[in-house]
Every structure is written in C-alpha cells, then in structure tokens.
Amino acid sequence: MVFDPSKNGLWCVWAAGGIACLAVAVAASGCGGTAGPSGRGRPRVVATTTVVADLVKQVGGDRVDVDCLMAAGIDPHSYKPTPRDADRLAGADLVVASGLHLEGKLAELLERLARARPVVMVGDSLPPDRLITVGGGQHDPHVWFDARLWSLGVAPVAEALARLDPPEADEYRERGRAYVARLEALDDRLGERIAAIPAGRRVLVTAHDAFRYFGRAYGIEVVGVQGTSTESEAGLGDINRLVDLVVTRGIPAIFVETSVSDRNVEALREGARARGHDVALGGRLHSDSLGGAGSGAETLEAALESNVATIVDGLKGAP
Amino acid sequence: MNAAASGPSPASSSARPPLVDFHDVTVAYGRRPVVWNVDFEIDEPCLFGIIGPNGAGKSTLLKAALGLVPTVGGSVRFGGRPLREVRSRVGYVPQRETVDWDFPVNVMDVVLMGTYARLGWFRRPGARERELARASLDRVGLADLADRQIGRLSGGQQQRVFLARALAQEADIYFLDEPMAGVDMRSQEGIFRVLADLRAAGRLVIVVHHDLRTAAEWFDRVALIDMRLVATGPTAAVLTPENLRRTYAGHIEVLEELGRAVAARGRTS
Amino acid sequence: MILLADGGLLGGHADIHAWAMATAAVVSASCALVGTLLVVRRMSLLGDAIGHAVLPGIAVAVLAGGRAGGPLVFVGAVMAALVTVWLTRGLRAGGGPEEDAGAGVVFTTLFALGVVIVSAAPPGTHIDPSCVLHGDLTFLPFDTVPVAGLPVPRAFIAGAITFSGLLAAAVATWKLQVFVAFDEAAARAAGLPVAAVTFGLLVATALATVASFDAVGAVLVVAMLVVPAAAAELLTRRLHTMAAVAVALAVVGACVGYLAAWRFSTSAAGMIAVVLGLEYGVAAVLAPGDGGLARVWGRLALAWRVAREDRLAAVWRAEESGGERGPATWRSLLERCAGWWLRADGSLVHTADGWRLSPRGRRDAEMIVRSHRLWEAWLGRHAELPLDHLHPPAEWVEHHLGAAMRQRLEAETGGRENDPHGREIPPEA
Amino acid sequence: MTAPVIAYNTFVVAVGVAAVGFAAGVVGSLCVLRKRALVGDAAAHATLVGVACGFLVTGRRDLATLLAAALVSAVAGLGAMVLLRRFTRTRDDAAIAIVIGVSFGLGITLVSGIPAWGYADSAGLEQFLLGHTAALTAADATLLASVACVAAIVVAIGLKEATLVAFDAAFAAASGWPVAVIDYLLVALVAVMVVAGLPAVGAVLVTALVVIPPVAARFWTDRVGTMLLLAGVIGLVAALVGVAVSAMRPGLATGPLVVLAAAAIFGVSFLIAPERGWIARRIRARTLADAWSRGLALDACLRAAGAGDGTFTPVDVEAAVAGDRQGGRRAGAEAFAALVRTAAVAPVAGGRDAWRLTAAGRALAEERRRRLDAWARVIEHDPDDAREALTIDLPAPGAVLGRTGAGS
C-alpha cells in the first residue's frame, strides 16, 4: 500500500491552505476583544525589564498589577519570547519599556503597539541632551545607573497610570514625587561614598560597557571589556589595552556582572597577574537586570546600594 | 595512417551531407587523451554499433557528440549542422548507473520527460504528450507498469524506461550508451527488437555496445574503437579476426592465455 | 481551531495566536515547498549555509541605514544568499571541494565576515548576530498593517506573498525542475535550460530562507527547509505528492508547534522545529514498505507463519512414521504458541493418544511436505548434491513455494512419485 | 611587530587557538574525506541541548558539568545522524541538516523554557556557547592543548583504519574492519574537539577550522598523511595570523579574524596550487588546446601544399582549424598567427594574399604526421602501459617509449 492520497496528491496542499485560512478567519473574528482596556479595577501593567518593573511598582504601589517579561538575571539580548508573553502584552492596559534599543527588536514592535494601547518608553522620554551617545546616533540605554537622571522618567509613568486609573490619579502622582525624592537622596549618598575612594584608584573595570552613566554621575572612570551589546565579540586588542590600564594604574579590583559571563574578566586578571600585578575579583555587580527574589537587590535602590558597596569594598581595600 | 575504411575525404559519397559526421574528434581528460582523432561518417539510417574493449572511450565519444563533455579537437555535425540547431531531433539514453533510482518519480513521469524539450518552459504535458508516452511505453512493453516507482523495476525494465523516454522525444537520431549493460538476455532481445523497429521506421540508432556476439547478430554497420578508430563499415566486413585483434590487441592475448591455462589445469585435476 | 478560540484555551487572545500560527504556517509552507527540491537534489545543507551566510548581507544593509526587518535588509540578505550559492558552485566548478565542504568554507567565512563587520561597526549599532540566528514569531502579530479594515500582521503578508509566488513558480516550472533534478545529463542533452532552472531554484531558496528569518531565525530555517521534505520522501513515491505532503506536514507542524509552545511556554520557533522532528520520526517508523514498523512487522509475520507450518509438518511426519512424537524442537516458545494457535483454529484435534491433524490441518501439512520433497527432488536432479545436503535448503524453501511453483517443479522432476530419500510425495490438494 | 615581550593574553590565546586550529585541521581532514565536512557544525548545534539538559538535571552551572553534558548531547546528535543514515532512506546531507535543525530547536526550546519552568538563575546558559576567543584563560588554553594532543595521537595511531574507512567503507567492512566502531570513534573525536573548543572560541570558529584547513590542504597534496599534517599546519598558521592581527588594534574580534585568515589561505591555495590550482589548470588546458590547434593548422598547410600550386590563404587554414576546434574562428586565427611567428609559413611574393610552407614549417608538419603514424602503430600493437605515455602534445614516441622498452 503506497501512501498516495489521490491521483495527483494536491488535496494535501488544499488541506494545509485550509488550516492556514481557518487560523486567519479566527484571528479576524476575534480581533474585537482587545480594543479598549478591560476597565476592570486594578490596571494591568507589563514591564519589559526588572529595572522598569521596579519603577512602576514604586509609583503604582499595590494598586497596580505589574508583570515583568524578562525574568531577573536575563540579559535583554538573549531574551526568548514565548507565546505566553504575547498573552501578557495583549492583555496589558499599559506597557512600560526601558527604551533606547535595550530590548533590541522588541523596540520597533512596541512603537507600533503604541497605536493600539498606551506605551511608555522611559529612556526615550528623557531629555536627549543628557543622554550619552555611543556613535551612529544611538544612545547608551543603561540610564538607570544615574539615579537622578532616571528619576526624570518617573513622572511620565505616573501620568500614564493617572490617565489609566483616574480615581487614584493623585495617589500615583504623590507616590511618584516621593520616589523621585528618594532617588535624589540616594544619588547624593552614592556620590559621597564613591568620592571616598582615593582618586588614583577610582577606576571601575567591568565585563561589558554598561556603567557609563554611573561613571559620569558619581565621578568614577568606567571601562568595559566588551562593547555595549553583550553580543559583540571582544578583540585581543581590547584585552591587552585593559591589562596595560589595570597594571599601570595599579587598580586593585575588577568586577563581574550577574547577566554576563565572567570569561572576559578572568582573562584580564590573568593578564595582569602575569605582569606582577595581582588584581582581586571585586564581586558581582547588577548590570542589565536587578537581583532575583531574596537576593537583597530586588529594587533599583537596593541594587545601586549593593553595587556601590561592592565597588567601594573592592577599590578602597588594601592597596 | 588512420586505417579508416572510409578515409577523411572531404567530399562524402552522396550529395546530401552525412546524417552524422565525426570529424577528427579528440577528447582528453586533463593531459591524457581518451578519444584520439576519430573520424567517420554515417550516411543513411541504420542500426549502428560502436564496439570496443572497456575503457576504449566509446561512451566518451558518444558524450562528445552530445556536447556533454568538452572536446580538445574535432567536431560532430548532424546533417551538416551543429548540435545546437538539431537538439530536439537527437534522443539520448544514458547509462543506468548515472541516475538515483530512489528518486520519487514513476515510470510515466520519466517517459513524459522526453516531451519536455518541445513543451518549453511553462506548458504542462497535455493529452497528446500522455498519449505519446503511453505509445512509447507500449513499444517497449511496459504499458502496465506506468504507475510504478522506478526504483521497483528490474535492470532490464529500467533500461526500457529510458528507451521509452527517448522514443517519446520523437527524435530522428538516437544515441544509446551501453543499453545492454547488466540486462538479462530476454530483455536484451526485447530492446534490440525495438531498435530494429526504429531503423525500419527510417531512424538512425547509434549504440555503444561491448558484447561481440550480439553485435554481429543485430548491427547493420559498426565502428571498432580503441581510443582511435580501428575500422568502420558494414558489420560483416569490419568484424574480421584481424580487425578484432587490432582493437582488442592486448586484451585478446590475455584472454587466450587464460583459456590455455584453464584448459591445462582441467586436464591434470 | 474555533473550539480553541471560543474555549478561551488561548487566554482570550486567540487572534494574536491565530495570526502567529497563520504566519508560521505560511512561512514553513514556503520552506517545505522549496525544501522538497533541495532534498532530492542533495542540496539540503544549502539552507544551513544560507542561514549563516546572510549575516554580512544584513550587517551591511543595516550600516547603510536599512531598518531591521525592512526592505533594504531583505535585499541585503537575498544578495548574500545568492553570493553564497554562486561561490559554492563556482568553487566546485573550479576544481574545488565537494558540495557540502564548499558550502562549509563559504558560509563560515561569510559569517565571520559578518561578525567582524558587526564588531567593527560603531558600537551600539542595533544589529547583532544573535538576533539573526533566533528570530521570534511571538510578537509578529502586534506589528500590523490595516488591510481592508482588518489589522493584518506585516510578516504574514510578506509570508503569504512569498508562498504564493513560490507556489506559482513551482507549478509553472515543475516538470523542468523534476527532469533536471532526476537526470541532469539527459536534460542537458535534450537541450533544456539546465543552468536557468537550477538558478531559479536557488533564488527561490534564498527568498524562502530570508522570508522566514523574522519568524524562526537563521538556524531553525534549516529544520523547516529539510525536515518536512525528508519525512515526505519516506512516505510518498512521487515528487509532487511528496511536495504536497511536505507542505501539509510543515503547516500542521507549525500550528501544533506553536500551540505546544503556548502550552509549555517555550520559544515558538524552537518548539516548531521539535514538532517537525517528531513528525519525521513518526514518518520513519510508519513509512509504508521500508519503514521501521513495516520491516519489523514483515519479519514477525514471516517467523510466525514458519513456526505454524513447521509444527503442522512435524505432526504430519510423526503420523506418517508411526505416531512417535516429532523432533525435540517442539519445546521452543514460538513452536508451543504455534501449537496452541493451531489447536485454537481447528487444524489440530485432541484425541485419546495425543494431537491429530484435522482434515483441514492435514491438507495444509501435506502441501508443506509436498513443497519440501518436490524441492529435494529438484535439487537431487539438478544440483548433484549429496543426499544429506538436500534437507536444510528444502526446510527453508518449503514455506515459500506456491501451487504454481510446485506444478513447475513436478513437471521439471518428471512427475516422480517419491523424493530422493524414497519417501512418497503427497499429491497436489 | 608587537611589543618585544608578547602580551600574556595574546600568548595564551595564540596557544589555545593554535591548538584548536591544528586539531581541527587534522580531525577535519578525515571528516572532509569521509564527505561529512559539516559534522562539526552539527555537533556545535547539538551541544545547546546538552547544556540545557545538564542544567535541568544537575541544577549546577559550573564548567565541568555543562561541558560533560554538552559532550554527551554532541555525540548523541552525531550518533543520531549515523543512525538516520543506516535505518532510513534519507541521504547524508539531509540527515546532517535534520540533526542541525531539530537539535538546535530542542536546545532553544529548553533554554527558553527553563526560566518559565521556575528555575532560578538560568541566565547566560546560552552565553556559555558563544565563547569569546580573545577571552581565553590559561585553563582554557591547557584544556585545548591537551585535547589537541589527544586528537593528534588518536588520529596518528588510527590513521590507517580511518583512511581505509574514509576511502572505501564497503571494502573495509568486507575485510573485517568494524566500520561502525571506527565511524563512531571519529564522530566522538569531532564531538570532543567541538565541545572543548566551543566555550573557548565559539561555534562558528570551530566549524570553520574543521572545514577550511583540510579543503585548503587538499590542493597541495594527494597523499592522506601529508594532507592531515598540512591541514593541521594551516589551521595553526591561520590561528596565529588571526590572533596577531586582532592584537594589533582594539575592536577587532579575534575568532572571526582567525576564520578569515583560514579563508585567505584557502583562497590562495585554490588559485595558485601547482597541480590542482585554478590558474594552473586554466594554463594547462589553454596550452594543450593551442598546441593541438597549431598541429591542425600545420596539417592543413601540408595538405594544401600538396595540392595545386602549393599556396594557401590564412582563411583556408583558419577554416580547417575552426572546423575542428570548438574555439571557432579565434582558435584558427591564433594558430595561424603562431605559425607566422615561428616562421613556419611565409607570404608568397606578388602581392596575392597567398602563403606557403617554409622548409622549417614543412619539416615540422611532416614530423607531426610521422609522430601521429608512430603513435597509431604503438596503440595498435602494445598493451595499455605503452599507451599511458601518449599525451595530446604529441611527444616523440621514440624518446618516450625508449623508457618503456616497447618497439617504436
């Protein structure tokens, strides 16, 4: 018996076409469901990264359901969407993203999604002149390391929540203002603690180039082994340049990150040790995402505090 | 000198240019020549055999005629015209092992391929082509196997499918490359009978063949090839012991030696 | 499908998932259609090569200002794909490496070139290698373009256009593609435009591959191109049926894959590839004729029949030679089962002094013994074998001789009454 | 060059990548000869499944666990490929493509599913595979060097069997060699090398070094042993060149540069290799064809010289050659020009466009005809080995046959 469904076997193509058309028909019929916000009580907000999710939580408090697409410790570039994420996005009343291309391809999509429902791109709402450009007209997306600059993004989120849930509008604006104040206080505190590090040793060497804003905000020189994106590959030239820097400046410690592999930093330390300068591994910094539950760095403030503590501990330690 | 029965005289015997004219054909793979200065003509439709030992360049000569291998020198003309102009009137039956018999096509599909050259790019085979294909299958006795996948046929049947494909092309000149290789006696008989019908219908059939016995029986004219042309002409005149010795030079001695050795051992055991 | 939507199984956003599935279906259908010809022409690895080799094309396009997923990037990728194919065939023609080694050289070099371009480009340019390798189907439905009032995803439109174009081209040039794929030498001898036909297929492959990038990314395109076609090749015997089955498998695979990804919340593209792999596995087992199951079933059926027939013959011989029990082989498990079976179907009847053949059992047994002895007679006459060499071959052949064969054997052995051992040959029933 | 003392990192990376280059070249040669060039790519893609399963099963992310898991899945993937080919009608290249596609799909599915299935700290699993060549540590380098040595030793020992199986598996099986075992061993060797090389230098670099050096080496030699060694050396050189260039300026990714260096060596080999190089082949084909055309032209002149008043026009000669040469008119014109250059023909006084053979030309023509006849006799009377000596450019039979002792 040869599996020859019919004389010319074209019925398979029609069957396949049928399934596809059926899918299209269902899609067309079901499109009404997602038009307006569901209007149920608590607004549902989807945030792309943990940093943004924390901001929305601080502003929305427990009045808002916050759902985060990228789990803690996930580097935005290796984030793999699943159909469930599409559900979340489709069901969200408000979408808040970090912006400035941190989320890669998702960024274009969110721009188009903005037509159907409110979307806030925190990075893009900041005054462009205060952003650091990295060539090719692009901006460095890691803005949250400058607490004061990041606080400018709180107001747009508060306004969006206010529009979404008018009865609680004042509550959101009040919480927003309080959060901004906390961030500004934090900013000053961090500045002082970094200033305590002897000027000569105030150099932060990390796996990938995510701490420019931090360096600018708190007056510490920042160097990353790998480019801004975790995907571009470091060259030997970069590593040799950094080994020279670490040895000549006598930098006591260099740092690894939660969401990036440690290989680059390990190679750096070995290079330095070969030239007689023993570099300590200064501990793990939070870069592209906050800490997971129970890591003591669930919020941006906690993460920045812990980062600064690690840096000060590393650089200030015995020469 | 090129001991060719019909010398390379430019003016051929009849007024018309010869049906097929091999003119000083030389083919080489890299530096080593495989076909050396072969020059002969075929003037009227007949069953023409290209005979010679293995590795004598018979298939290469055929492929050179069809433009499938580049020639170092010489040319092949069909009725005085180059192959390009008469492509559709020339049919080709390749050797069986050049094809993947596991390929998902059935007998009818393969035979229909003969009609594609005339159909051109986009026209699909119509009733006329299917009728032509069925007639060709009838002539080779495979009409009832039309729907069978080609991998499930015997060697002889596969060879006849290729023959049917050439017939479907309704060509005037047919080139067959070792059609009898690996084919049982009964199928050889069938294939030769179809070729004889073709000749009767006024077609020229050129067959690369290796078995001297069936050659003498079926071919009207032959060409003995061993890298160069040894002799050509009517079969009886060419297949003389002298010509055979010169064609199979080294090989016959080896065969005779073998024969003597076997006979000697047979007596003593 | 409607059930799924109404039942809210898809969390109430059925349209998003439906569009995603439709896009995946259309894209995988295009790949399967082209893949059919690639597989039979032993060019399966071309998909893998193109998948990697397009990075420089896309990188250059982005540097020239193309927007990711936009037309310029599409053209860049297709150009890179064509360069890959042209280089691979050019190397081969120039006396270079075989097909897949050549492709290996070309695509690794081009991919490396791509990474160098990306790394050397001004930092922060948006393009990076991984976004080429793992496209995501999931969010495509959000990127819609109003068509006749209906928000249709841009990717679906591109996929639908590509598929219909490829289908039209395939249907139009199918016969030439089949001839060139089957017997290129004869096609060239018959004067067909072999080079043009092959080039057409390569352009189609480039289009199908690049069109699927957004949905599944470079590497999983290989799965879509090859797996459905390879599965279809096991199931069918004719090329256009194979193409039809491949497309069907691809579409079903895409939809089931997406639903599974939704159910287990994994990447849609990855799950689709896994489901296609499962489809191939099922095809390999179930393939009619020479599939795994068919082969095993054939062997089992034969062994079972042989055991039953041996048991019948043994009982008959026991009766013929005065009733003592047959040879010691009865105790093997298969034999004992055969015995039970024969009792069950009435061939053996239980009498006072042990098992006896029923009339039907006797007739069957006689035919087997007759085949056995006729074969021994034939061997005795033609093969000049010593007497004790006759039994083993006959023991095997007896299960395979039909009535017609027995008749010929009888004719050829001159209709003798008994076999070389002197035992009487039972007459034909 | 670089600073007098090579920077530590450059040295470590050079050692590591050179080791991978050498081992990949040697083992890759056997794969290329066995017509399985892309087996490295298949192994590389199959490792992602291993990494994901390793993490799921053991919950640990340390290098040793994930490397072991990746090795198991790579060998399993390649094993599946071999099984596919044995038990189904699917052909070689399709089998490799299926393994690549489905195994990578499964890998992506697992990696994407892990965070959703409630496993914390699953980040960077995939990063594990995208190694940065420039970030090799001493540990990586020693691992790679030892794997390279093991691979080289195993191949050196098993060269005879591996070559036999690669050349003619059927014969090897017939003469009792365990082909399946040898196949699996080669597959396992490739898997080990790919898995070791992956976290250090990345998937594409390993795949490239398995394919490009052997293919380049093939151009320079026809002996298996030399090819393996040469491929190893090419892999090594490509590694060193890539590393050196990458160390010169920041921003140049090391891995891809090594691949481009290997590709450059391949390009050079493809073009200028003495025997199989593209240029050599073109030149040889051209000179042979031209020599043959000149022969035909001389022959035509000789024939014309014998008839009528012994003169001929260039057009006649071109027609005669063109008739016999697919190059058409151009070949004829070139042949005639060559005759003029070598003063084989000279114009006849009296302004008519008529030429005649010079004494030298006539001698050449007759010599060619004599050789043709001599070779015709040789072909008739002597068995094959005498005929081996015949080539298109018609060497003098006497001189050549003197060596083979047959009568001229």
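Going by the order they are written in, the chains are A, B, C and D; count residues from 1 in each one.
Operating definition for what follows: a residue touches a chain if its C-beta (ideal position, glycine included) is under 8 Å from a C-beta of that chain, and two chains touch if they have at least 3 such contacts.
It should be emphasised that the depicted structure is a prediction, and the values quoted were computed from it without experimental measurement.
K.L.:
When you check each chain against subunit A and subunit B, which touch both of them?
P.N.:
Shared contacts of subunit A and subunit B: C, D.
K.L.:
Using the touch rule from the top, work out which pair, A-D or B-D, shares more C-beta pairs.
P.N.:
Of A-D and B-D, it is A-D that has more C-beta pairs in contact.
K.L.:
Comparing centres built from CA atoms, which chain ends up most distant from subunit A?
P.N.:
Most distant chain from subunit A: B.
K.L.:
Between subunit A and subunit D, what is the gap in Å from one C-alpha centre to the other?
P.N.:
47
K.L.:
Rounded to the nearest whole Å, what is the centre-to-centre distance of subunit B and subunit C, using the mean of the C-alpha atoms as each centre?
P.N.:
From the centre of subunit B to the centre of subunit C is 37 Å.
K.L.:
So, what's the distance in Å between the C-alpha centres of subunit C and subunit A?
P.N.:
Each chain's C-alpha centroid was found; their separation is 45 Å.
K.L.:
So which bits of subunit A are touching at least two other chains?
P.N.:
2, 78, 80, 82, 84, 231-233, 235
K.L.:
Residues of subunit D that contact two or more other chains, please.
P.N.:
Correct list: 89, 108, 111-113, 116, 130, 251-253, 255-257.
K.L.:
Can you pull out the residues of subunit B that are in contact with at least two other chains?
P.N.:
Residues 149 of subunit B touch two or more partner chains.
K.L.:
Classify the inter-chain contact topology: is it line, ring, star, complete, or other?
P.N.:
other
K.L.:
Which pairs of chains touch one another in this structure?
P.N.:
Applying the touch criterion to every chain pair yields A-C, A-D, B-C, B-D, C-D.
K.L.:
With touch defined as at the start, can you tell me which subunit D residues reach subunit C in the complex?
P.N.:
Residues 32, 35, 37-38, 41, 45, 84, 87-94, 96-98, 100-102, 104-113, 116-117, 130, 204-205, 207-208, 210-212, 214-215, 218, 251-253, 255-257, 259-260, 262-263, 266, 270, 276, 278, 281.
K.L.:
Tell me, which parts of subunit A touch subunit C in their complex?
P.N.:
Residue list for subunit A touching subunit C: 1-5, 8-13, 15-17, 19-20, 22-24, 26-31, 33-34, 77-78, 80-87, 89-91, 101, 104-106, 108-109, 112-113, 116, 134-136, 138-140, 209, 227-229, 231-233, 235.
K.L.:
Which part of subunit C faces subunit D closely enough to touch in the complex?
P.N.:
Residues 39, 42-45, 47-48, 52, 91, 94-105, 108-109, 111-116, 119-120, 130, 134, 219-220, 222-227, 229-230, 233-234, 261, 264-267, 269-274, 276-277, 280, 284, 287, 290, 292.
K.L.:
Would you pull the subunit D residues touching subunit B in the complex into a rising list?
P.N.:
Residues in contact with subunit B: 89, 284, 288-289, 292-293, 296, 323-326, 372-373, 375-376, 379-384, 387-388, 390-393.
K.L.:
In the complex formed with subunit D, which residues of subunit B make contact?
P.N.:
Per the stated touch rule, the residues are 1-3, 23-24, 26, 28, 30-33, 36-37, 70-75, 102, 226-228, 230, 246, 249-250, 253.
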